[in-house]
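Dumping the structure here so I can ask a few things about it.
So that you can tell them apart, the chains are marked A, B, C and D in the order they are listed, and the count of residues begins at 1 in each.
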Amino acid sequence: MLQIGNGLIIGSIYALVALGINVIWSIADVPDFSQGSIFVVSAYIGYFTVTWVKLPFVLALLAGMCVGSLMAFTFERFLYRRWRGAGRVQLLCAIALFFLWSNVVNALWTAKAKIFPAYLKGSLLGFSYMRLVVVAVAVILFVLVYIFIMKTKIGKAIRAASQESEAAQVLGININTVNSVVFMLGGALSGAAGVLVSPLYAIFPTMGDLPLLKALVVVILGGFGTVGGVLICGLGLGVLEALGAGYLSSAYQHGYAFIILIVVLTFLPKGLFGKM
Amino acid sequence: MASDTKMIEKKSKKVLEVRKLTKHFGGLAALNDVDLDVSESEILGIIGPNGAGKSTLFNIIAGFFPPTSGTVMFKGKELTGLRADQVAHQGIGRTFQASTLFKQFTVFDNVFNAFHMHYRQPPWKALLHTRAVRQEEGTMKQKAMEILNFTGLASQKDKLAENLSSGYQKILAISIALATNPKLLLLDEPVTTLSPHMVEAVMGLVTKVRDTGTTVLIIEHNMKAIMDYCDRIAVLAYGSKIAEGLPREIGENKEVVEAYLGVMG
Amino acid sequence: MFLSITDLFVNYGKLEVLKGVSMEIEEGEISLLLGANGSGKSTLLKTITGLNRPISGSIRFQETKINGMASYDILRLGIAHILEGRKIFPLMTVLENLELGAYSRKNKREIARDIEAMCERFPILGQKRKEQSGNLSGGEQQTLVIALALMTKAKLLLMDEPSQGLSPLLVNEIANTITGLNRDGLSIVLVEHNLRLGLSIADKVYVLENGKIAFEANSTDLSGVEYAQKIYLGG
Amino acid sequence: MFGASRVAIAVSIIILILIPQLASNYVIYVVILAMLYAILTASYDLLTGYTGPLSFCHAAFYGLGAYTSAILTLRTGMSFWLAFPITGVWVFLFAAAVGYPALKIRGHYFAVTTFFFGHFVYLFLLNSRKLTNGPLGLRGIRPPDSILGIDFSSLNASYYLVLFFGVLIVVFLHLFVKSRIGRALVSIRENEDLAESIGINTSFYKVLAFSISAGLAGMAGSLFAHFFRLLHPSTFAWMISEMIVIMALVGGLGTLIGPIIGAGLVTFFLELVRPAPELRFILLSIMLILVLLFEPKGLMGIFWRIRGEK
C-alpha cells in the first residue's frame, strides 16, 4: 500500500515532465532533453525563492514554472527553430542544452545537495502532506492542461498542428506561435515538477537525469498518447518501479523502466496508447 | 498471325504470377484481389489514377511490406514473406517513384555500390583487401562502367548524383537497379516530369534492357510512353485490376478511359 | 488583377520545379490547372499560400504582394487552400474541425451561425458533428475538407485534387458543390486529374509543363479528348 | 591530396612514437588519454558517422569493457593478454544482443533508447556492489603482464601499448570502411530503402556496425582499466558519452580521421581548462552548439571548404 502510494507520487512527477515532452515532441518532432535541465534549474529557483526571498511554497512553485517556461521558450526561439525539420540536429542541440545546463548548475551551486525546507507538517495515512501535495498539484495541472488542450482555441490549434501541420497552417494557424506555446507549456510543467519534488528529496545538479529518462520512457510507451494516457503511463511506471523496488531489488529500481521500454518497443512499436 | 503465336509462346513462360493480392492499410483497401501474370521479356505497363494501388503493388512484390493476403510467385518461387534485400537476391531490381539515389555519391559510385550482392570473395578477405578482392573489385568497377556505357551515363560518371538533371537522375536510378543484374525490373514512374525528348531516351533504354532478356514492369502516367513502348498494359483503379491487354485494346476501352481520365468521347 | 503570378521560380531541394510560371486569374472564375504528375501543380498552390518559398518572381493578390508572407496572413487576405489528400484533423470531431476552419476569424456569433449553415448545406456533417472525423467515409471527409475551407470565408479557393480516390458518383457530387460555390461568388483554382470533372465546370484552363505554363485557353475552345492528348498522351 | 595526407599521417605517427622520449610524464599521460578517446571516437564514427543511427551510449560500452577486463583479471587471475580479446568479443556479443531489438527502433526513438541504455549501464556499475564494488570503484587492477621483457607498469611502455592497439584499431576501421562492407554501411546511411533494393540486408549491417563499434569501445575500456588500474562508475556516465559525441562532431562525422583529430583537440582543450574544472563541460557543450550552428561537418568541413572541395 505504502509502496503503491509512493509509486503514485513519483509517478506523478514522471507524468508531469512527460506531458510537456509529449506535447513538444508531437509538434516540434524533437525529444526535448533540455526539459531535464529545466527541471533542475527550476528546483533551485524554487529553493532560493523559499530560503532567500522567504516567499511561501506556492510562489516558489509559480516562480519555478515561470523560469521553466522562459527557458524553454528561449531554447525554441533561438535554437530549435533554426533547424525545424532537421530532427538530427535538433536532437543534438537538445542533448547539448541538457549537458550545458547540468554543468552550469553544477558550476553555480556546486554538486553538494541542498535541503529544501519543509513547508507543511503532518501526515495522512502514513503519507506526509507534502507528498500528497505533489499528487494533488499534479492532478490539478493535468486537468488544467487537459482543459487547455481540449477546450481553448490555441489548444485546438496545437492538436491540429500535431495532426496535420500544413493543413493547420493554411487555416491560419501560426506554427511559430504554436511552437512557442508548447515549449512554454512543457517548460512550465517540468518546472513545476522540479519544485514539487524538491522538498521530498535533496536538490542537486543531476536530480533531473532520472525524471527526464523516465518521462521519455513514458512518452514513448504512451506513443504520443492522450493527456490521460500520459498520466496513466506515468503513474503506472511509478507504481511498477516502487513495487519492483519493494519486492524484487531496489538496486536496479531504475532499470525496470528500460526493460519495459525494450520489451514494449519490440512487441508494440507504436506504444500503448492512441494519439492526442 | 505471327505476333499472335509469339504471344502464346510468351505466355507459356511466366516470370511473375500475382494471385489474389490484397493489402489493407488500417481500414483502407489499397489493393483488392489483384491477379497479374507477367511473361518473360515483356514490358508490362501498369496505369491507373493516383491512389489506385500501383506503388503498393510494387512495394509488395519488392518485399518492402507484406500483403494482407495473396501470393507473389517469381519464376515458380514464392516471394511473399521475403525481406526486400532477399527479393533483390532473387533477381528483382526496382526504382522508386521519387528519384531515390545515393545523392551525395558520384554517378559512378552509385552504380558501383549497387554491386553489393555480387561479391564472392569472403568478407574477411575483403577487409584485408587481398589481391583477389582487389581483382574482384576491379571487375565490378569494369561492370559498373559497362552499365554506365550501356545507359549512356559514362560522360557524367564523376558528377554528384544530386547535381544531375532530372532525366539523368531517372536513368541513374535504372542503372543502379541494373547493377543488381535483375531478371525482373520494376520501374516506378521512370519518365514522369521528363521532357518528350528525355521520355524517348529513357523508354529507348528500357527497350534496350528488355532486349537483353529482362522483363520490365512500368508504372507510368505518361500515356504516350506507355502506349508506344509497352507490350501489354494492365489498368488498376481503386485497388482492383479493371482491364488488361494490348495497348490498342486498352486505348479503346471505354471503362479505362473513363476511370483514368474521366473523359467520355 | 485578382491573382497575378509573374515569373515564379521554385526549387525543391536542388530540383527546379517551377521555372518561370506566369499566370493571371480573374475574379469569379473557375480556373483549371492541368499537368502531368510531378509537373509542379501542388507546388504552385503551396507557393501561393506560403507553404513554399519561391526563389524569385512575385505573386500578387488584389494588388498586394503575398510572396514572402506567412500562410496565416495570406489566409487573412482571403486565400484558402485545400491540400491534396483530404487533409482533415482525424482525431478531432467534425465540429472541432469546422471551428478550426474559422480559426482566423474573431466574431464568435458569426462563426456559430456559419457552422450551423455548413451543417445545413452538408446535412451529413450536421448528423455526424460529434463524431471523430477520422471515422468518416472518404466522401464525407472530402465534404468536410470543403466545408473547412468555406469556414475561412476566403475569396479565392485553391483545390488540390478534390476527386482523388472518390467513386464516380461522389465525383459528380463534388462537381456540383464546386459550381455551387462558384455561383455564390467564390473564385476557384482547381487542380484535377479527372478531366471530365475539371472541364465540365472550368472557365479557363492552364497547362503546366516543364515548370512553365505551356498553354492556356478558355475551356470551351477545345474538347476533352484534345486536352487529354495534350496532357497525357504527350500530343 | 592523397600523397599529402599520407605524409601527414606518417609524420603524426612518428611524432606519436617520439613523444615519450621528448616530453614530460604529464604530456605522456595526456596523450595516452587522447589516444584512448581517439579509439572511442573512431569506433563511434563507424556507427553514427558511417552507418547513420545517432547513438548516445558509447561510454557504456567503454565502461562495460573496462569493468569486464578488470573483473576477469582480478577474479580469475587471467592475464590481460587474454582478457583483452575476450572483453572485445564479449562486448561485441552483448551489443549485438542489445542492438538487434534496439535497431528496429528508428530515428529519435533509437537515440533516446541508447541514452537510456547508457544510463542503465552506469546505474548497473554503480549499484552492483558485489560485482563492481559500486560507488567505491575497483582498485588494484594489474598492468598487463610483461612480455619480451617489457614491463607494462611503466608509463612509457603503457604509452606504446595504447599507441600500438590504437593504430591497429584505426587501421582496422580504415580497412573496414574502405571495404565493400563499409560501402554497404554508407549506402544505408544515404538511403535505407535504396540500400535494401540493391540487396543489402540493412538490419544485419546496422547491428554489425553497432556491435563492432561497441566491441572496439570495450577494448578501449580494457586498455583504460589496465593503464589507470582504478575504475569508477562516473568515468562512464552519460556525460562521457556526450563528450564522445562532441569530439566526433567537432572533428567531422563519417571521415574517421576527423573524429580522431577531434578527440585530440578536445582532450587538449580539456587539459587547458583544467584549472577551472567546472567550466570544462560548459565550454564543451557550447562548442557543440557552435558546431551545429556554423559547421555541422566539423573541422573536416572547414578543411574541405578551405580546399574548395564538396
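The definition used in the following text is that a residue touches a chain if its C-beta (ideal position, glycine included) is under 8 Å from a C-beta of that chain, and two chains touch if they have at least 3 such contacts.
Not measured: the values here are computed from a predicted model.
K.L.:
If you average the Cα atoms per chain, which one ends up farthest from chain B?
P.N.:
Between chain B and the rest, the longest centre separation is with A.
K.L.:
Using mean C-alpha positions as chain centres, tell me how far chain B is from chain C in Å, no decimals.
P.N.:
So the centroids are 34 Å from each other.
K.L.:
For chain A and chain B, what's the span in angstrom between their mean Cα positions?
P.N.:
49
K.L.:
Just curious, how far off is chain D from chain C if you go by their C-alpha centres, in Å?
P.N.:
A distance of 54 Å separates the two centres.
K.L.:
Among the residues of chain D, which are close enough to touch at least two other chains?
P.N.:
none
K.L.:
For chain A, give me the residues that contact two or more of the other chains.
P.N.:
none
K.L.:
Can you list the residues of chain B that touch 2 or more other chains?
P.N.:
none
K.L.:
Looking at which chains touch, is this a line, ring, star, complete or other?
P.N.:
Looks like a ring, each chain touching just two neighbours.
K.L.:
Pairs of chains that touch, anyone?
P.N.:
The list of touching pairs comes to A-C, A-D, B-C, B-D.
K.L.:
Per the contact definition, I'd like the list of chain D residues that touch chain A in the complex.
P.N.:
54, 56, 101-102, 104-105, 107-109, 111-113, 115-117, 119-120, 123-124, 127-129, 238-239, 242, 245-246, 249, 278-282, 284-286, 288-289, 292-293, 296
K.L.:
Touching residues of chain A toward chain D in the complex: what are they?
P.N.:
25, 29-31, 33, 79, 82-83, 87-89, 91-93, 95-97, 99-100, 102-104, 106-107, 209-210, 213, 216-217, 220, 251-252, 254-255, 257-258, 261-262, 265-266, 269
K.L.:
Spell out the part of chain A that touches chain C in their complex, as residue ranges.
P.N.:
Residues 153, 156-157, 159-160, 163-164, 166-174, 274-276 of chain A touch chain C in their complex.
K.L.:
If you look only at chain B, which of its residues touch chain C in the complex?
P.N.:
49-51, 162-163, 166, 189, 192-193, 195-196, 199, 221-225, 227, 238, 258, 261-265
K.L.:
Would you mind writing out the residues of chain D in touch with chain B in their complex?
P.N.:
172, 175-176, 178-181, 183-184, 186-187, 190-191, 193-194, 196-202
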